[in-house]
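Structures incoming, each one as structure tokens.
In the two complexes below, chain A is the common chain; its partner is chain B in one and chain C in the other.
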Partner chain A sequence: MANKTAANEHGGFPWKHLIGFVLSIVLTLFALWIALETDLSLTWILIIIFGFAFLQAALQLLMFMHVTENSTKTKLTGRVQVGNILFAAFIAIIIVAGSVWVMTAGHAKHDKHDEPKTENHGGHGGEEKSEEHGSHK
Partner chain B sequence: MKWDEFFVTGDPLIYGADVSIVLTMVGILFYLTKYKKWKWLWTEWLTTVDHKKLGIMYIVSAVLMLFRGGVDALLMRTQLAIPEAKFLDSQHYNEIFTTHGTIMIIFMAMPFLIGLINVVVPLQIGARDVAYPYLNAVSFWTFFIGAMLFNISFVIGGSPSAGWTSYMPLASNELSPGPGQNYYLWGLQIAGIGTLLTGINFLVTILKMRAPGMTLFRMPMFTWSSLVTMVIIIFAFPILTVALALMSFDRLFGSHFFTLQGEGMDMLWANLFWLWGHPEVYIVILPAFGMFSEIISTFSKKTLFGYKAMIWSMLLIAGYSFMVWVHHFFTMGSGAAVNSVFSITTMAIGIPTGVKIFNWLFTMYRGKIQFTTPMLWSLGFIVNFVIGGVTGVMLAMAAADYQYHNTYFLVSHFHYVLIAGTVFACFAGLIYWYPKMFGYKLNERIGKWVFWLFTIGFNVCFMPQYFLGLDGMPRRVYTYSEESGWGPLNMLSTVGGFMMGIAFLVLVYNMYYSFRFAKRETTGDAWDGRTLEWSTPSAMPPFYNFAKIPEVTGLDHFWRQKQAGKVEKLTAKDIKKIHMPSNSGVPFIMGSFFFILGFGFVFGWMWMAILGGIGVIGTLIYRSFEYDDGYYVSEEEVIETEKISK
Partner chain C sequence: MAHVETHDPNTPLEYRSETGRLNILGFWIFLGAEIALFATLFATYMVLTHRIADGPALGELFEVKSLLIQTFLLLTSSFTCGLAVHEMRRHNVKGLMLWMIITLGLGLGFLYFEIQEFLHFIHEGANIGTSAAWSGFFVLVGTHGAHVTFGIFWVTMVLIQVAKRGLTPATSAKVFITSLYWHFLDVVWIFIFTAVYLMGMVMHHG
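Right, the complex of A and B next:
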């Protein structure tokens, strides 16, 4: 399958595209249903629909955008393309998730100069802001 | 702003620098005018898109920056030689260690390596130029302008003084007022554009422009290391770009990303800086590994041991390099879980590096070793780099790091990896490929003097610093008391520093001496080499590199051809016309506009920044309407250049 080129794709019925199209619609509708019709908390709704979004992005790359195909004109193979995308995703996750983790775990969270942050007490404490700055507790 | 705020005043050292800058400028202008070299300078250098010439310009700039950064280092060592010295005041000392670090990493190590990559990689893969020659010129000029912008800071406006890491809140407007820190932000930002473009350019070049038959696993090791480096550049440099932009917003427009007020997170700067900064470490060490691989293989007369293991360990390093950044600030106090994870990843990254060390040793095992100067540097690298690596593993232990953090132990560690790794590689690579660039070798006898002076000086300078660090001497202090007992070792360290300075002068003398007296190479194969760059018939390849693109059948193709006695001779019927890119003055002009833009931002003069910005965009628009597809070199001209008899 990895050896297929864009040219021989054009013969026959475009099953791949049809399946991709249907799945995309299903995922979108499902996300809509989760957001509007369920009683889940906001956090969970966000997590689930973000999950669907990434799934759908992967689906579109796979079904419509020929990521796994070898190009006849260039020397780039499907493996290089997929490897590149996966590495990029890996780095992006490391940077974002890693930064959040490092900056909020352990003692670091007390190091923020404008306490209190959201975590336990909800609101963005407006009043008690200024006099606390610079103090480490 | 009054003129005495614009120019830095009051320090005799600075006045000395002012005078020498003016004299050098006058000297250069006089020389160019008297010998009518202006046109030569413009057509041969400023407008060139030839990767070899751009590479040479990178290297020349890097050597100049090595001089500047080296002078900074010697000033620091002079101040620290005895307790309570009065040579530099605290502010001046802070400025000097900041510019020393920034210049050595960003404007010396990287351009030196990128310069060698520029010269060598297209030749090694049998290409006539890089994928985007015009972009390559843009890369060079943005780097050069960024470096110049950063360098004028010490006579105009004042240098940055918050360390090369520029931690917030120290680097904020409140604690570092004035243009100094802005020079850091904009110098690095503009040079960073060039680096990112180089990353894209060489990634495409290596992936797409290899000679027929050269599959990925037939590429020379230096090309492989460059490829991996470019991948790291492409993923790491955008982080720096964003971080610098955010800090620029903080300083120029009053935003609160990293400030103490307004919910800013000061340590987020450190986090982002090292998210770029650690991959950066591997950006400056991997090409060095590649060069040592080439040199050790050539002078052991053996194929590189464990070629594939080398490649896989480099790919592993590329991935790991993004997962260790927190070890630079274990003491921030992220808690046990974070520190443990990053401790383990940091130790793990030592494994692929260790694999490479053994590969080099086994390459030499039972080889016919020739002790040429590039080989000496490579051997010196292995010994000294291992010392740096082992102390690195010590630092990787988070709990122990609380003891070593911000002491001279750390300073010594990173000098052992950066000098023994990167700087030794720059010297080795420069000497090794010197005949490719200039048509003659550097004198070997003087070269050996340079090696021994530098290596001994290096150890005398930095070995004591390990012990000073263990004894508690913190880094970035401009003086210390007599009672601390750090005096004698500091004096020893200073002596070593000056030995390295002398070694540098001898190296420069060697360039002059060899220019005058060295025997000119008659063939392209100065060292009995193994890879394609040595296969050109003339010592310095013509501007189109290869009259006929070679066909590669395996690793070390040229070497095996020589062994079989089947080196191809060019005949007139092999020659076809050659398509080459045209020179262009636009990259240089674009660089000049970048300078105006950067200078405007440094002083907060928005009209000037906007003017420069319009200029930059103008050159981009001009370029996109330019329909220049290059030109053809005729068959007759190629035959004449190659001196082929009909």
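Right, the complex of A and C next:
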């Protein structure tokens, strides 16, 4: 345990794996229940199920993949592994959230109309504005 | 630091050779790139998820039963794969083989149900060219399925090597790397489960 070089993983019952497995099942079923059986608002459902998804991904990384484990006595490799995965997760979130925001926040709404585009101020107001715009016609 | 190193007898075999250590660290870096790859496919899917043209909505065709079967098969295979590595670290080749073969069986089961589901969708009039949403769906979920297929072949070949050569620093590093790959496929599936299936069903029913 002193230097986490996986020495502590030897022998004995694989508690870490079993706990990870049980928690993963619980999170999966709970997410399904939240999504399909509750009357929460869409926003809350999305926050909760994505929270669970990231939690379960962390469980896999920590309990099954031993991401923090070091292959040498120095603690360098564990840090590199964790840092690399966190950086990749950061990139992934930017790519997904950024793409969704750019494409759905309403900036492109005016493409529907065949008339010259008017300025669209502000990001989130896009949808209401295009409706307003339509009613003027 | 070159070739002869003193080891804590507890150091797992896969960490004993420098090649093994570097390959494992390199594979972690590769997984970072895989995360970025899947992120682009998720982004495409989520942007296009409402562009269903004249085809069915995504959530309309998703079924909870099929989803849960696939999810539990893959989740359990990730667990048994972890047990295989646990046995490998106890130098129990038989245990390693047994759990890995179970893992492969569960992986094949996952693929069977995924292909059944794809055929069902196609039968219901949703193929890869039906709409932007379905294109995004089949490319994202199909890329994951292709990864699982590749993983099955890869693990099989590594197991053949273990059977022939026994557990050495070289073969154990290979087993460990395939195990990381297999767990990673389950991590990706967690997000497909959430962002594709759960969101699809919530949007459709809610």
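In this text, the second predicted complex is superposed on the first by the 76 of 137 C-alpha atoms of A that agree within 3 Å, B and C clash if a C-alpha of one lies under 4 Å from a C-alpha of the other, contacts with A are read in each partner's own complex, and residues count from 1 in each chain.
Here is the rule we use: a contact is a pair of C-beta atoms (placed from the backbone, for glycine too) under 8 Å apart; a residue touches a chain by one contact, two chains touch by 3 or more.
Computed from a predicted structure; not experimentally measured.
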| item | value |
| --- | --- |
| Partner chain(s) touched by A:A35 [first = chain B, second = chain C, both, neither] | second |
| Partner chain in contact with A:I91 - chain B first, chain C second, else both or neither | both |
| First (chain B), second (chain C), both or neither touched by A:P14 | second |
| Touched partner set for A:S99, first chain B, second chain C, both or neither | both |
| When both partners are placed on the shared chain, which of chain B and chain C touches more of chain A | C |
| First (chain B), second (chain C), both or neither touched by A:S24 | second |
| Residues of chain A at both interfaces, chain B in one complex, chain C in the other | 80, 87-88, 91, 95, 98-99, 103 |
| Of chain A, residues touching chain B in the complex | 74-76, 80, 87-88, 90-91, 94-95, 98-99, 101-103, 105-108, 111-114, 133-134 |
| Touching residues on chain A, where the partner in the complex is chain C | 5-7, 9-11, 14, 17, 20-21, 24-25, 28, 31-32, 35-36, 42, 45-46, 49-50, 52-53, 56-57, 60-61, 63-65, 67, 71-72, 77, 80-81, 84-85, 87-89, 91-93, 95-96, 98-100, 103-104 |
| Interface residues, chain B side, partner chain A - complex | 207-208, 231, 235, 239, 260-268, 271-272, 275, 319, 322-323, 325-326, 332-338 |
| Residues of chain C defined as touching chain A within the complex | 8, 10-12, 15, 20-21, 24-25, 28-29, 31-33, 35-36, 38-40, 42-44, 46-47, 64, 68, 71-72, 75-76, 78-79, 81-83, 86, 89-90, 179-180, 183-184, 186-187, 190-191, 193-195, 198-199, 201-203, 205-206 |
